[in-house]
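Each structure below appears as structure tokens.
Two complexes come next, and they have one chain in common, chain A, joined by chain B in the first and chain C in the second.
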Partner chain A sequence: MYDVIALNGLLLSCIYLLISTGFSLVYGVFRIFYFGFTITYTFVPYLTWIFWKDFNLALPMAFAIMIVLQILYSIASYKWCIKPNLADEGRLFMATLLIWIFFEELINFKYPIVAGVNFPAFLKGEIRVGSINLALQLLACCIISIALILSLAFFLLKTKIGLSIRAVSQDRAAAELMGIDVDRVYLYAMIISIFPPTICLVMIAPFWEISPYMGFPLLLTALIISIIGGLGNLKGTIIASFIIGFLHSAVSFIFSPRFTMLSGLFCALLILLLRPRGLIAGERVW
Partner chain B sequence: MGRAITKIQSIILLVIIVVVAAGSFWYYWSSMPAPSPAPPIKVGGIFHMSTVRGITNKIVMEMWRDEVNKRGGLLGRPVEVIVEDNRGETAANVAAHKKLVTEDKVVLVLTELTSWTLAVMDSAAELYNEYPHLQIATLQNSIVTNEKLLSDYNKYKFFFVANDGTLDTYQRYCESAKYFMTKCGYSKMALLIENMEWTRPYTQGLPKYGLKPLKEAFEEMGMKVVYYALTDIQEKVFFPLFDAIAASGAEFIFWVEQNMDTLTIVKQWATSAAKDIDLFLDGGAVTNYKFWEQTGGACLGVITAGPDVDYIKVTGGEPEFIKKLRDTGYGITMAAYHVYNALLAFEAAVKKAGTLDADKLIQALLEIEINGLLGKIKFKSPPAPDAHRVAVGYPYYIVYLGQWREDGNCKAVWPEEVATIPFVPVKSLRK
Partner chain C sequence: MVKLKKTFLQRIKIAAVVSVILSIIPLILFIFNLHRYMHLFIIAGVYACISTALYVQGIGTGRNNFGPQFFVALGGFTAGLSNLYLYLSPAFTLLTALSSGLIFGLATSLLTIFVGGLYYSLVTIIIPYVFLQLTYIYSGIFGGEEGIKGISPIVSTGRVIIDLTIYAYIIITFLLVYLFVMDRVLKSKYGLAFRAINENERVAMELGVNVNKYKVIIHIVTSAMMSLMGWFIAHYYKTFAGVEYLPLYILLKFYLTIALSGGLYGIIPASFLVIFIEDFLRNIFGQLNYFIFPLVMLILFLVLPTGLLGIISKQKVSEHLPIRFRRTD
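What follows is the complex of A and B.
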């Protein structure tokens, strides 16, 4: 029993980590709830599908174009949606919400569920670990997740751009006075934020829900993790991802899958009551 | 003294008179208004037209209209079909119904889903005396609709149901589960039930009709339910669930659901520790003929109810019906069968009654027994608890089960009378 909970917990934790890191990074740098991020999840399978099936390109090429388009989406979102509305939280909230819903409906119009959007696992087969079967691709997802987060940590701690991002996340005005180009840092943060969820969705799509409305449940998970970890703090996000991953695994296995979301929400509420700023105080991105 | 008319002159005169007379006659007839053709018999449908099911239902109605008109119409009159969109809103069903009955003067209205059907039943009862017409419900109409009919039979006597109901489904669950368990010698099952209003009779039973909760019923039939859970339709992560089922020793997974994300379920089941445990999913995307493609073949071995099988023959008309619908680009849905059967029953009733008088049509509907699709059509009479609903069970209307097989198609495997291929446990299929 413990091996099942542990392995599923590890798998879910790694997936949740990738899903929530980008959202948390954007919050950490901008201090905004960027709901336009939701569509980043949905873009992964659908943009890939368009170039793979509609334009008959090879799957790796379709992935590459999808990533380029995701970057362009981030830049466009920042330039035309976030930047002009940064001073007005209400308007920004509405704008990002509308972007998300607009793209969701657009995707649903062209590719409803019956269109059968999917793509195959590029790592075939499973391995038996203890009493559970684990798809090789999901195992690879776990390894990539950990490697990616370590790389991100290294990037934030050891590179000049990383230092700038941390500086802006701590105190934007002070960073600006120190000569940091805040506009450029924001842009970097937006671009970096799309990589963890994009890589995650590429890895898990063969085993996960693909629908035009797949973004919201993922965003909700990211939101819960961010609240527990401390809004916008990546160290907190890592810890919270593992807490929620193992909690979901245990609750689902021991009780019922019905209680997984409830357990996560309960955990988030508890944190809000006992440590309102999260496990790690979220005043900076790292 | 005048000259006598010669013979030639008289012939010419005669010809002139005949030509003038014929011309006048022709002019008279051509200037007369053309006799008006018999007014069409109008049949209406209220569906959610943003769904594939709604579009398919409309196609089926038009298909039937063309067939009937080709056969010479009904009572010598052409048939016209009018479909209204309810936009998925209950209130819109009532508005659409009123429009169909009072403006279009339809003699039959097809509806679907319990809540929408119930709303139209009330509207139809209000209008019945002034605008007598029939209502036939065609998909997912629970026992509640029959209860309403029997609560005031005279008020709702125009109401019929063309789909199987709660009592039929309960019986099918028991019979099919028993079949698979017996055939494979299984004794332990995992029972999962979608947490929705429509599944209440299966989680809590229907004491009024002597039905126990499904878990108890299965156990009384000799199956040990080693894993039991309610599942929510928004769930997306099933790996721990399948691991728990595998750990429970279950040999068969029986999932009562219509709205779960079957795509995700199947993709995760196929790589989980439960991948060699036979999986029955009652409905949803799993019934669509594109499901194999959508799951990349992960659905191999999955069993489901009323799927879009590539071939089935019960009364004979099914292969052509399947071909016609697939040619339109839309696959088969169970609703398509229900709609077509409802229309066939209406056609037979009109022919039997020889009139459009609603009371006589109601009587005729209760008396007919005809070949429909997936079995004979016969409506049950009161005092049966599900009166005015089609009789279910071979040779009457059946809900077959299909299994996803190696060639990427879903094949009918149950009941044995209509099976096109024997059921094979997933473990053997994977080999």
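What follows is the complex of A and C.
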């Protein structure tokens, strides 16, 4: 049983890492709670489905259009929703919550759960790991997850844009005084943040339950991970993803899958009591 | 002194006007036998009560609670379960619901001390969701998706319109008590301390305000106020389901009410506006209402940045509108 828990934990950790990285990046740069991020999770399967099935485009083309639309959504969200309300967190929360519910209900109206939205696996076949048969696509998801996070770390640490993002995340006013175009950095952060969850959902869509309301549970997982790791800190997010991934796996197999969210919350509360600002309390992205 | 007296008289006048208006509406609805509008009036009253508690909690703790529905559900389930299994009458279930609100309010008030700012908001989003999961896991107790049924009503005269009228006056009583007590509290020296905490906790502490004590007290009291609304809902509908009151959608209405209110007394018209608009859209658009309602609310939210009281306090509506909607001449 322990090998199953370990492998499942590793898989979940990699998935959670991708799901929470974007949310963490947005928080790290903006220092705001952006509820509109939730719809990103729902847009991935449903926008792809629209272009694939309703417009009869090839699946890769549908993915490409979905990514373009996600980028446009991020830009529009920033320009018309985040930027005007940046100083008022309450208003921003309300506005993004309304936008999220609007899109979610619109999707549910057009494609309710009975519409049976599903996707084929890109990589067919399975690989045997110990006593477990693991789908190749899920293994690829793990590898891509780690590669993507390493690339993101490299991007943040070694590139000029990454340096600007880190500077804004540390001190916006100082960054502005140093000549950094904060508006542009915010936009970069918004756009970059959609890639990890998009790639994750494309990879796991054939194995995950697709529903118009799938966004909120995923956001909650991202929230718990961000709280444990330290809001907006990617290093903390990586550590917390593995903690929660293995915790969920252990609880699912030892007790019941129904207790996974509960265990995550207790873990978050425990860590908040011991370290009120999360595991890595740096007020910066990296 | 004269100015103070004048302000006090003005406040009494506002209180009297609000009380009279609220008391007349159910009477008119009763005379014309308008069941549906009476029901909407009651629901709007419930939302106004919860929003009042949430509004004051936000000021007193300096934090945004994104999980008030947890306390509503807690009160509802406590009242329902104690009515069904302990055979307690609504008068006694009120006490059990109140107690549960006070106990869990005390337990969660620790979060207002140890968990700061956004962390608090994020944790409070998760708590109702976990409670919702528990209602599914222990569906034998909480009734799962269907909820608990057969809760006894507060009144049962045999005539629906009379029952509804009594419920309307009960909720008006709650609403007026909530509003006037909270108004007095906010305008007292305690209210000053709450506002100081809301502005800057550290400065408030340095000024000698016992920040932790005030935060714990206001959190417990407002949580209990929300639980009482759970009690009312459970006995009004005679059923209570977690799936109805724990999801985030209901939070949206509470915060919309606060956002559109523009102040404590603005909560009443704002809650009526939100509930009546939702009902109006549901009647016109049916299923489409689920996504049209948030869209309409988003527009209202953008057009009324200072809420409904903001319109009243300005001489012209155009002055209140955001710059992009104003005429440039």
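Remarks
Everything below uses one rule, namely that the second predicted complex is superposed on the first by the 285 of 286 C-alpha atoms of A that agree within 3 Å, B and C clash if a C-alpha of one lies under 4 Å from a C-alpha of the other, contacts with A are read in each partner's own complex, and residues count from 1 in each chain.
Criterion: a contact is a pair of C-beta atoms (placed from the backbone, for glycine too) under 8 Å apart; a residue touches a chain by one contact, two chains touch by 3 or more.
This structure is a prediction, so every number in the text was calculated from the model and none was measured.
Of the two partner chains, chain C is the only one touched by A:Ser226; chain B is not.
Legend: residue contacts after superposition of the two complexes on their common chain; A:Val114 is shown touching chain B, with no touch to chain C. When the shared chain is aligned, no partner comes close enough to touch A:Leu234: not chain B, not chain C.
With both structures placed on the common chain, the touch criterion links A:Arg258 to chain B and to chain C.
Of the two partner chains, neither chain B nor chain C is touched by A:Ile165.
In the overlay built on the shared chain, the residue A:Leu10 is in contact with neither chain B nor chain C. Within the superposed three-chain model, A:Ala268 lies in touch with chain C and out of touch with chain B [touch as defined at top].
When the shared chain is aligned, chain B comes close enough to touch A:Phe207, but chain C does not. By the touch criterion defined above, A:Glu89 lies against chain C but remains apart from chain B after alignment on the C-alpha atoms of chain A.
The residues of chain A shared by its contacts with chain B and with chain C are 256, 258, 261. Residues of chain C that touch chain A in their complex: 64, 66, 114-116, 118-119, 121-123, 125-127, 129-130, 133-134, 136-137, 248-249, 252, 255-256, 259, 287-288, 290-291, 294-295, 297-298, 301-302, 305.
By the touch criterion given at the top, residues 52, 195, 229-232, 234-241, 243-244, 246-247, 261, 263-264, 267-268, 271-273, 275, 285, 288, 290, 293-296 of chain B touch chain A in their complex. In the complex of the two chains, the chain A residues touching chain C come out as 33, 89-91, 93-95, 97-99, 101-106, 108-109, 216, 220, 223-224, 226-227, 231, 256, 258-259, 261-262, 265, 268-269, 272-273, 276-278.
Across the interface of their complex, chain B is touched by residues 1, 4-5, 8, 11-12, 113-114, 116, 118-121, 126, 131-135, 138, 206-211, 217, 248-249, 252-253, 256-258, 260-261 of chain A.
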